[in-house]
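In what follows, chain A forms one complex with chain B and a second complex with chain C.
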Partner chain A sequence: MNAISPTPKRAYDLNFARYVYENIDGGERLRMCMQCGACSGSCPIGQQMDHGPRKLFMMIRAGMKEAVLTSNTIWNCVSCYNCVVRCPRKVPITYILHDLAYLAVQEGYEPAKKADNARFAKAFWWSAAKYGRTDERLVTGIYYFSFGIGEGMKRGMANQKIAMNMIKTKRMHLGMPHAIKAKDELQKILAKATEIQARHGKGA
Partner chain B sequence: MTRTLTYYPGCSSQASAVHLDKSLRAIMGPLGVALRDIDDWNCCGASVGHIEGGHLANSALSARNLANAKSAGPEDVVTPCAACYLNTHYVNESIRGSEQLKGELNEALGVVGKSYDGSLHVRHICEMLVTDIGMDAVKAQVKKPLTGLKVAGYVGCQTVRPFANTERANKFDSYDDPTFLDDFTKACGAEALDFKMRTHCCGGSVSVMSPDKGLHLIKELLDEVQKLGADVISTPCPLCQTNVEMYQPEINKRFGTNFNIPVVFYSQLMAVAFGLDPVKDAGLDQNIIKSDKLLSK
Partner chain C sequence: MSDKPKSQTVLVVGGGIGGISAALEAAECGSEVVLIEKAPTLGGRVAALNRYFPKMCHPTCGLEINYQRIKKNPRIKVFTMAEVSGISGAAGDYTVTVTTTPRFVTPACTACGDCASAATSEVADPFNYNLSKVKAAYLPHTMAFPMRYIVDASVVGTPEGQAIKAACKLNAVNLDEKPDSFTLSVGAVIWATGWRPYDPNKLTMYRYADLADVITNVEMERLASHDGPTKGKVLRPSNNEAPKKVALIQCAGSRDLNHLAYCSRICCLASMKHAAYVREQYPEAEVDIYYIDIRAHDKLEAFYRKAKADPGIRWIKSKPSRIEKGAAGEPVVCGENTLSREVYANAYDLVVLATGMQASAQPPAGAELDEYGFVVSEEGVFGAGVATGPLDVSMSVQSATAAALRAVQAVRS
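And now, the complex of A and B:
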């Protein structure tokens, strides 16, 4: 574990909420949440979440850091922004969930190592940072095999027909990954941005 | 008169959505638009980049694209991809609204001697078609109207969310009940069905990584499309097109349905209606589920 945000020492410890208000992108708007539940009611995948965004935000205010950062809510967001456009208090909910997921990864919580979205994000970022482009084939493959060789083979087999269809219609790139010319340049930019994030105490 | 715009194709243009890129480039000539690609463009981070890279590093991806776009000229940046639009537009607006973010991203860009001042305008290519070109100009290019073709217009989420109807999106359409896609369909001479679920989510990348969580969303969409008797679904979004198309056999297996509905891009419809080649220009051979009605036009 690598605590970046303050760990509450007692019930209703407000330090975690303060951290979220001050350090999470859009977090300052969270103060405005009036618990109406438009977000949770608008979520296409809300039924598969431990807690809808409304409840998660109340949990942040109650200082329930560990419950927030281990909930599957932050891993199940489909990024449809339905909650964002409907929120009467203009809380940028999707962005907040994204940044909470990053915090959970940085602090090393177990679900942040195991959640589908966390594994997928890792494979995705690897491709984007290494090649400057997303190689859909490699990202999907690395994601499948992040569950182990056996499970990776199983998932690959289960999706064999889809892969064949994509190859037949020339929509799966075969051969060397597409890459930008200035990979070095991009990596230097990303390294500097990561360094600035760390300077702000947001982890690397 | 030809107008030049800076074009950000996005990673899907080289794989799952090559037929979007191909058909768009084909229709832009007749519409009087020259697309100039951002030099050496990189990935935008899509919906997951922030989770692993962090907010600032993920924003730096868009900042480099914007810096490269700006050094080629002050023209507007257009992109056909929902995620590319969302990220690039968001970072651009954030730079304009926050001196701190602007400073930090320029500190990162500065390492390689680049900079970006926030002066560009980032636009979805559909908004450009509505605002700059207009439906009358689209209709004027139609040589083979798609008469009798029943089209369910599926907009998806991110094309209109969260920026629809804001000043910086040229007051483009609405996030709940957008009409632009049906206007495209009608301009092509086809019939736009009243598809109420036009902005329901397909599950996005969650459907790709965890089909158990997302396939029911696509099934609900397809149920409604089938009820309406659509010949094809039309969409602007690369991931919507792929998800709704490629999972139909799997959905049939899981839910006992019999879906086999072609899912095409609006730009493929336009290419065919403009009398361009259905394969070479519209890329209709690249749809997994073929639309015979369109291919025979």
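And now, the complex of A and C:
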């Protein structure tokens, strides 16, 4: 682990490619990319991505750190794994995009902080870490109100009917959030994971 | 080798262009040569090509010259429908077991064709990659060597078989032939077992199995050949109409860790040749070549430049991700153009997959193979032509000549 951590707020970082190869999940196989385009062509939402994986990988090689970490490509991946199955060089594209998204949040880039997926993931993780389960009301609530009180109310009202039906069909419950029995065990596991992560040079 | 080799005979396994070349070079250097071929005729995959790149000349021409050289050389013994089933011993002294499959036609055959007239049933024609059928008594192809018919095993023991036998005025049909085997004592072995096209059914994203207008490059050669299933016209298999838009997809299996990890070397040039077939037959037709990189090495660069100058050929730098079925059942090629970043979906009348070269299905008995199944030469046992890895025809001949030289030295020292 001799890569230098990317420096926040710098458009170009000549160490960025090396950082990605050595620190990003699946990054070591990124060296193998031959720019054939099978990934971006396979992507079901490739049209909506600003760059697509192939171009993004070339940008990583070019050291375009800021452009990579502010790209919408890392947030639009739906984990369908079409690209991973078809990649002729066996690059685990999905893992790389997800870990780049995580890095973008860590580095505090504005588009990452504002990304829908980041907001939802944060709400989901809060519930999963606290209760060992996801509570539909709390996760949805935290996610909606992350856009502000007005927007949260608006979204909540718009989905009221769905919520009522979910309660009726017992897909969502009223009352205290359900939690797993051994919450303290879960906390220990998470603490250990955080420790391992820190040892590998990544923040929680 | 310190000891004098016990046998000075060179065995060449495989009668394609590589095996023929190796056998001839060794024999013309004075060695005794046994050439064995598992098919009913010599010529191999080269005989099934329409034309060679880059000169666009016909393989029949070169085969004809080589057949003449074989006929005139008493040192070469040719066995067709024969395969090596076992090999033992060491360099200079090998004992090789050869098994033969019955042809049901004796050397008395003059290829008059009376047996084919008497045949009523039809069998798939392997020479045309099963795109067409032949009578159950047939000549393997017009350039067959030996020029002798074969009776398909399916008619043996039937009234049709008896009718075929009766039709031969020379009494050359012998339906009592049985599989046989014999042993040879040889000093060196040359494996010229060639290649097979990569199975396009494994490329599920390209839908070869369910879209009729998706074909392979070897099938394209047969469509363009005058003795092929369409008498030389490149036609859409779905409706036998002339194609107006044709896509040629490179690296269909090659350079792919999920399929063939290596570059098959010939496909870029073969596809440019296919573009030329289409453009010659249909001057209005458009041809799109999808590629990762064009690999036209050394002298072949000129052929690439010529193809690039043709305004009817479009070059799209992209490995297509998949082929979809269009509204009228036509293939729609989808992917990302890596130069423009445009995500495309282009409909075609005909799509040709440039499937790569894979080592022959049956690995040569006792030979050392590399991780992809290609022959690694060792003392006394040599690889020649595509048995050693993907090569074009001229490089195969070079490789075969080199193998012959090594074999000749091995049996003479």
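The rule is simple: the second predicted complex is superposed on the first by the 192 of 204 C-alpha atoms of A that agree within 3 Å, B and C clash if a C-alpha of one lies under 4 Å from a C-alpha of the other, contacts with A are read in each partner's own complex, and residues count from 1 in each chain.
The rule is simple: contacts are C-beta pairs under 8 Å (C-beta built on N, C-alpha and C of every residue); 3 or more make two chains touch, one makes a residue touch a chain.
This is a predicted model, so every value here is computed, not measured.
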Overlaying on chain A: chain B and chain C, fit or clash?
fit
With chain A's C-alpha centre as vertex, what's the angle to chain B and chain C, nearest 10 degrees?
70
So in the superposed three-chain picture, is A:A182 touching just chain B, just chain C, both, or none of them (first/second/both/neither)?
first
According to the stated criteria, A:F147 is in contact with first (chain B), second (chain C), both, or neither; which is it?
neither
Determine, for the superposed model, which of the two partners chain B and chain C contacts more residues of chain A.
B
May I ask you to decide whether A:D116 touches chain B, chain C, both, or neither, giving the answer as first, second, both or neither?
first
Contact-wise, after the overlay, does A:Y21 reach chain B, chain C, both or neither (first, second, both, neither)?
neither
Quick one: classify A:A38 as touching chain B (first), chain C (second), both or neither.
second
On the A-aligned overlay, A:G46 touches which partner chain: chain B = first, chain C = second, or both, or neither?
second
Overlaying both structures gives a minimum C-alpha distance between chain B and chain C, in Å, of 8
What part of chain A is shared between its chain B contacts and its chain C contacts?
82, 85
The answer for chain B against chain A in the complex is residues 11-12, 14-19, 40-43, 45-57, 59-61, 63-64, 86, 104-105, 107-112, 114, 157-158, 161-162, 164, 175-176, 199-201, 203-206, 208-210, 213-214, 217, 242, 246-247, 249-250, 285-288
Where on chain C does chain A make contact in their complex?
205, 251, 255-259, 292, 317-322, 334-338, 341, 343
Contact set on chain A toward chain C in their complex
34-43, 46-47, 51-52, 54-55, 82, 85-86, 88-90
Please output the residues of chain A touching chain B within their complex, sorted ascending.
25, 44-45, 48, 76, 78-82, 84-85, 92, 94, 98-99, 101-102, 105-106, 116-122, 124-125, 127-129, 132-137, 140, 143, 161-162, 165-166, 168-173, 178, 180-182, 185-186, 188-194, 196-197, 202-204
